[in-house]
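Report on the structure given below.
As written, the chain order gives the labels A, B, C and D, with residue 1 at the start of each chain.
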Amino acid sequence: MAQKKQKSRHPSEPKVGIWIFGALGGLATTLVTGTRAAAKGLMPAQGLLTESPLCEGLDFPSLGSMVFGGHEVRRGKPRDAAVEIHERTGTIPYPLLDLLEEDYRAYGKEIRKGVLTNSGRTIRKMVGSDSTAKDDETLLEAVTRLQKEIKSFKRRNDLSTVLCVNLCSTEPKLKLTRTHQTREGLEKAIAKNQQSTVRPSTLYAYAAASLGLPFLNFTPSNGTLIPAIREIFEQEGAPYMGSDGKTGETLVKSALAPMFKYRNLKVLSWQGYNILGDRDGAVLNDAENKASKVESKDRLLHSILGYPLHTHVGIDYVPSLDDLKTAWDFIHFQGFLGVKMSLQFTWQGADAVLAAPLILDLVRFLELAQKRGEVGAQPQLASFFKSPLDCDEHDLHRQWHDLGRYLDGVRDDSPDK
Amino acid sequence: MAQKKQKSRHPSEPKVGIWIFGALGGLATTLVTGTRAAAKGLMPAQGLLTESPLCEGLDFPSLGSMVFGGHEVRRGKPRDAAVEIHERTGTIPYPLLDLLEEDYRAYGKEIRKGVLTNSGRTIRKMVGSDSTAKDDETLLEAVTRLQKEIKSFKRRNDLSTVLCVNLCSTEPKLKLTRTHQTREGLEKAIAKNQQSTVRPSTLYAYAAASLGLPFLNFTPSNGTLIPAIREIFEQEGAPYMGSDGKTGETLVKSALAPMFKYRNLKVLSWQGYNILGDRDGAVLNDAENKASKVESKDRLLHSILGYPLHTHVGIDYVPSLDDLKTAWDFIHFQGFLGVKMSLQFTWQGADAVLAAPLILDLVRFLELAQKRGEVGAQPQLASFFKSPLDCDEHDLHRQWHDLGRYLDGVRDDSPDK
Amino acid sequence: MAQKKQKSRHPSEPKVGIWIFGALGGLATTLVTGTRAAAKGLMPAQGLLTESPLCEGLDFPSLGSMVFGGHEVRRGKPRDAAVEIHERTGTIPYPLLDLLEEDYRAYGKEIRKGVLTNSGRTIRKMVGSDSTAKDDETLLEAVTRLQKEIKSFKRRNDLSTVLCVNLCSTEPKLKLTRTHQTREGLEKAIAKNQQSTVRPSTLYAYAAASLGLPFLNFTPSNGTLIPAIREIFEQEGAPYMGSDGKTGETLVKSALAPMFKYRNLKVLSWQGYNILGDRDGAVLNDAENKASKVESKDRLLHSILGYPLHTHVGIDYVPSLDDLKTAWDFIHFQGFLGVKMSLQFTWQGADAVLAAPLILDLVRFLELAQKRGEVGAQPQLASFFKSPLDCDEHDLHRQWHDLGRYLDGVRDDSPDK
Amino acid sequence: MAQKKQKSRHPSEPKVGIWIFGALGGLATTLVTGTRAAAKGLMPAQGLLTESPLCEGLDFPSLGSMVFGGHEVRRGKPRDAAVEIHERTGTIPYPLLDLLEEDYRAYGKEIRKGVLTNSGRTIRKMVGSDSTAKDDETLLEAVTRLQKEIKSFKRRNDLSTVLCVNLCSTEPKLKLTRTHQTREGLEKAIAKNQQSTVRPSTLYAYAAASLGLPFLNFTPSNGTLIPAIREIFEQEGAPYMGSDGKTGETLVKSALAPMFKYRNLKVLSWQGYNILGDRDGAVLNDAENKASKVESKDRLLHSILGYPLHTHVGIDYVPSLDDLKTAWDFIHFQGFLGVKMSLQFTWQGADAVLAAPLILDLVRFLELAQKRGEVGAQPQLASFFKSPLDCDEHDLHRQWHDLGRYLDGVRDDSPDK
């Protein structure tokens, strides 16, 4: 079905860096495992749009050309993280644990100490006392170190570019003030070491922005792509996009909701319940952290349908499920003669497995944007996000066609056409 | 939400006729009830696309301008049919039974004797021995009578046009031969009274086509819009469309399937089970009649996804459900790292309630086509059908955008623009 | 299937009174409607255990012998309440609204003003400003009035007994202190008019207990059958039972959970989500009132399975559903070789329709207990409750067999044996 | 939770043989894997009733005392079969493949050539041309060989007894005649080599019966425990039980159906759809083989509820699911005021994982029966079967309590009491 792309790297192909904030999380581990496995021909690259007919004729970095590194606050080794995933959900097949031993080791060497500044009680508790984060660093020392480590990664690996990806746990909502509106305000706060002004992802995004590197916010954390950071990306000339990867229940919602509009069936209520375990579930079990997520998931129905309706999005922690997220949605709607009817669905997906290929697609699309000199938010990538920046379109189908049109434009611009 | 249209008829507005083959069935009864209730302001016109923002600025016949009549093989009165529906499913609210008493009586006066020629054992059995069909009529006598009765309906009610709609039970598949390929062949068979050559819906469609009236095949019966009939529509200059209204499980399928393509998730299996009661369920319980239906429901996944996959469509008769059709679909798909995941949904809809507004939309769109001088199949209406004629597009979203583009064209053509 | 009992009253049969606290609620209205419809032969008495083979040979009051009355804080008429139910959910068939007109009127005449003492903000708000409750009554005046009105109901209707039933909205949890432990303490508080010491259901239960009348607490409200009240029932020689009717999701839970024990499958997690509208849903939407309910629903799994497990019970307000409660439960369990598997169910029931026959069963069983001279809690009725008094058994099957054994004992005791 | 039993064998404990017909099937492979893993302390013995509180104080063979062997028609090695299961469903954890290498080898050495006599086209096709079955053997030669091989297994391994278990694929229904009614009739047919008179499982059961060995029919095949075979078991003094292990959808049915009786809710329709892959699914995809299964699954509802109702049991082959059977049941029921409501459930279980511990329980219970001198069918084991022999009870709860009572009797009989 999918068009065959070159997965392994040709000797002449430049290498690109993928720098992951949250480098030992389940998603990062799944991402690195799957990419290396596909690059070595051990697994198909299923789940990647950039390997599908939509992207035919476009030139993206091969999976084999990608070099991974990142920041992380927990101690540990990539292969151990992969073993844990294998044992808990089986989504990483056992044989890969050995076949990728060298790849895990190489990745582990590129992981640096993360930051935990003002990350909130739940993330702190989950990380535990044995964190790698240096609590005595000032904000300025922290960002300087982060920048240095990313630059060193690029240089040491001879990379054509580095694409930065935020895969950290969802942070508690950051209260945004005037300080966050401008580069000047933010840099002052950093200089004054005003720790309560930032979240870890603010510092990570700052590091990427100030280095002019493309950036992807795959989380709903609102402290990441604040106006000040966006201003820096514009000034330094880098593309970025966010927020919150659309992988499961919200994906189905955005595919299904238009159907009711096509039939002029009035949606009365749309109740959604998500249950999941693992670190993601544990963090979202905290009401503070959950708030960011629910808001991101709940917005789109009104937008697609065009009228207010009763909605609910629940997220509950069920440890036994680990990463195998299950969601039940109940949709109550009304038709001709006022008759009420219903549709319900149960989604059972492995969250990291669904998310990892989107990240590969997104870094490829950001790399493309960068090569084309595009700067700032990239709304043509809206279909990948629950809360797409600078885009009011939530209908999955329209989002997809928007991306298709963008890619047609890319093809038209290409010299060999 | 929905734009307010005029439901009741302005005295100067011309009246249009809706001629229903299967005039006392559950769908016909629901259609007439809901239309009259909305025309009288007793019920909102929910479920009609022609009452939604998509159709803003277009001029359709008001619901109050529609006059109903039809052919039917069972004896009975419209109000009794409505009472039966109220008692079995409650989808027709009790108060309407009295408030529409006069409307039911008027409709009853416009119902004529149907035909049962070669309709198969199950339909015969369901109709019983007390059918209105005249078994001693020759095919020629039958079509002549049908034509006469429709013309008389138009004249007597002073109608600007008559739109014909096939709502009969799904017929056993008709084996198509050379006879069915041309007007000449079919008319010879009629002249020779070759009864096994036709199904009832062949005769109904012939009557409509030969009178040059727009025609809608809402059933999957393959004996309706055969090449010979389509040739006659072309020659007599009338638009038509079919086949098989997309109301429930298939609707959801065509809305959801593209999502898997947008994420390059490989669908391994898509199993669908439909359970329903009432006459529709009883007829489909016969393997011969079911065959037409299953084929119509099963085609679209391969078309949307672009690769072969394991599919199954089950239809089982569950008398206690009556018209409250329930469907369970299980979708097994594979993503990154080869991980298998699933989505399942349960659809609970009242079939006639879902179908009736589509018919109103379709007769309005056919009336529009007729006014614009459009002749033949109308593929811009594909979103309404499981097996749209002359159209390979099964993706609900693309179908909807195709319709939108067509309507934009209509608006561009309109004189007052 | 069900054994045919006499539904209508024989002239020589004594009449029994059913006094309902919450007399115009959806459940009371459904109860009175269904009982009168069955007594008049308009509807079968489906859903009553006392009409099933289990109760063969036992002598219960006929449905026709039951006379209804009650207390209520909202203004209104029974027939209007029934019309509202018909319009919202259709569970009361339209024809009954007319056929039972006289019955509704008779019931309306037996409804007296309720009490709202310390009922909490949500119930107050729902009742609105136009309540029938007399806010200037002291507690002593209130209970004296309640007693008088129930006695007058009995005398006026020539009833052999009156069975009292609490069907009020779930109250916020009452903080129990020493005052609630003894009759003396409670009566002192009433005498001193300490309003914060009681809830409305405390006063209702007090009235029944002090009159020595059998009592049924169908709600989870913890202020109803407090130790002081239970002491009074013992002293006045009346049977009673509670709490919280087991009608839907919890019923299924208590039927299914033993299965996992029978197979030694380890239940890891049992998540339950209930969604419902109507007054019940609105009241439970208040966290204070919900607390009583969730506790009642969540207790039984540990008890049946014999080990602690991860459970969750959610209740959310979905207005469009009205009384058509929907529940989704997801059960995650582990078997041989440590493999995790799942069972999920969706329950769609009309809450009042499920509850009403249980109340008829329970008043019949309480009337039987009273005739047999049984006093105090009646744990043989545990199968009807989420939180059965004086009973640790939550396994539905054991509860049912316990009831069967009790009834066998009754049969053995009966003189004509 | 579960009481800790000795899993490994004490040197003084006698060894018992488990002889499996269908020795390389998914179920046999899972059974041997899990038993050896638990015996070695690598896995808990979850899913075994004989390891639960119900069986406290009873003396069963330890898992470590069990020695496995069997007959098989397909070529192959146990470890390869286990690898295949790991790769397809992950239900056998990867590490066991190495840790049990020696155990798999030992088991492989005890596998002998099976028989394929009259097994039907689908089983033949699945086995392929490379079967181990000797097509030129007469029936008499076959049973003589089977007997010899089982006796040799017992002698060579110094076993106290051998328990025989039929785990072959479901066979097409055998038409039973007078020949199958008596030992004499059957032995004549064998002597005359009337191959169409028997299925493979007839020959296997004959071998076990004629050797006086306990026998377990875990399949629905009707040619296994025919009257002639049962006569031989009686004469040779061995206990046996069947048929068709109750592992999934039917288990849930038999746990849930009584609930409707307890509430006198009338079940109108109970539709069940099973989808599964692997060899089991492939064999049941043949209408001939499916017939045996559906009959076994469909019987119990009428029996539990006490009245006829509309039921349906579907089984469809969905290769991508392998052994991860999924079932959807829709239950339509009617209550008070004639209101229709519904319950639906989705069961997702790994069939072999659910079945394997039942087989361990059953061989332990049969060994107990044998030691106690019990001969013939063992209806106290009804809870394990879809079609329990000599038992009309299908209510899971009653079946379980019957087993409990039997075990209480065993305890009462035991000398040290």
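Everything that follows uses one rule, which is that contacts are C-beta pairs under 8 Å (C-beta built on N, C-alpha and C of every residue); 3 or more make two chains touch, one makes a residue touch a chain.
Everything quoted here is computed from the prediction, not taken from an experiment.
*Asks:* Between A-D, B-D or A-B, which shows the same interface as C-D, counting it as a repeat when over half of the contact pairs match?
*Replies:* Copy of the C-D interface among the listed pairs: A-B.
*Asks:* Identify the chain pair with more contacting C-beta pairs: B-C or A-B.
*Replies:* Between A-B and B-C, contacts are more numerous in A-B.
*Asks:* What's the distance between the Cα centroids of subunit B and subunit C, rounded to whole Å?
*Replies:* Distance between chain centres, rounded to whole Å: 48 Å.
*Asks:* Taking each chain's centre as its mean C-alpha position, how far apart are subunit A and subunit C in Å?
*Replies:* Averaging C-alpha atoms per chain gives centres 50 Å apart.
*Asks:* Could you state the distance in Å from the CA-based centre of subunit A to that of subunit B?
*Replies:* A distance of 45 Å separates the two centres.
*Asks:* Do you know which subunit B residues sit against two or more other chains?
*Replies:* Residues 334, 342, 344, 346 of subunit B each touch two or more of the other chains.
*Asks:* Does the chain-touch network form a line, ring, star, complete graph or other?
*Replies:* complete
*Asks:* Note which residues of subunit C are touching subunit A in the complex, please.
*Replies:* By the definition above, subunit C touches subunit A via 268-269, 271, 273, 275, 310, 312, 314, 316, 318-321, 326, 328, 330, 332, 334, 340, 342, 344, 346.
*Asks:* Sort out for me which residues of subunit D touch subunit A in the complex.
*Replies:* So the residues of subunit D touching subunit A come out as 86, 90, 94-95, 346.
*Asks:* Which bits of subunit A are touching subunit B when the two form their complex?
*Replies:* 1-2, 30, 33-34, 37, 43-49, 51-53, 91-93, 251-252, 255-256, 258-259, 261-266, 305-307, 334-339, 341-350, 353-354, 356-358, 383, 396-397, 400-401
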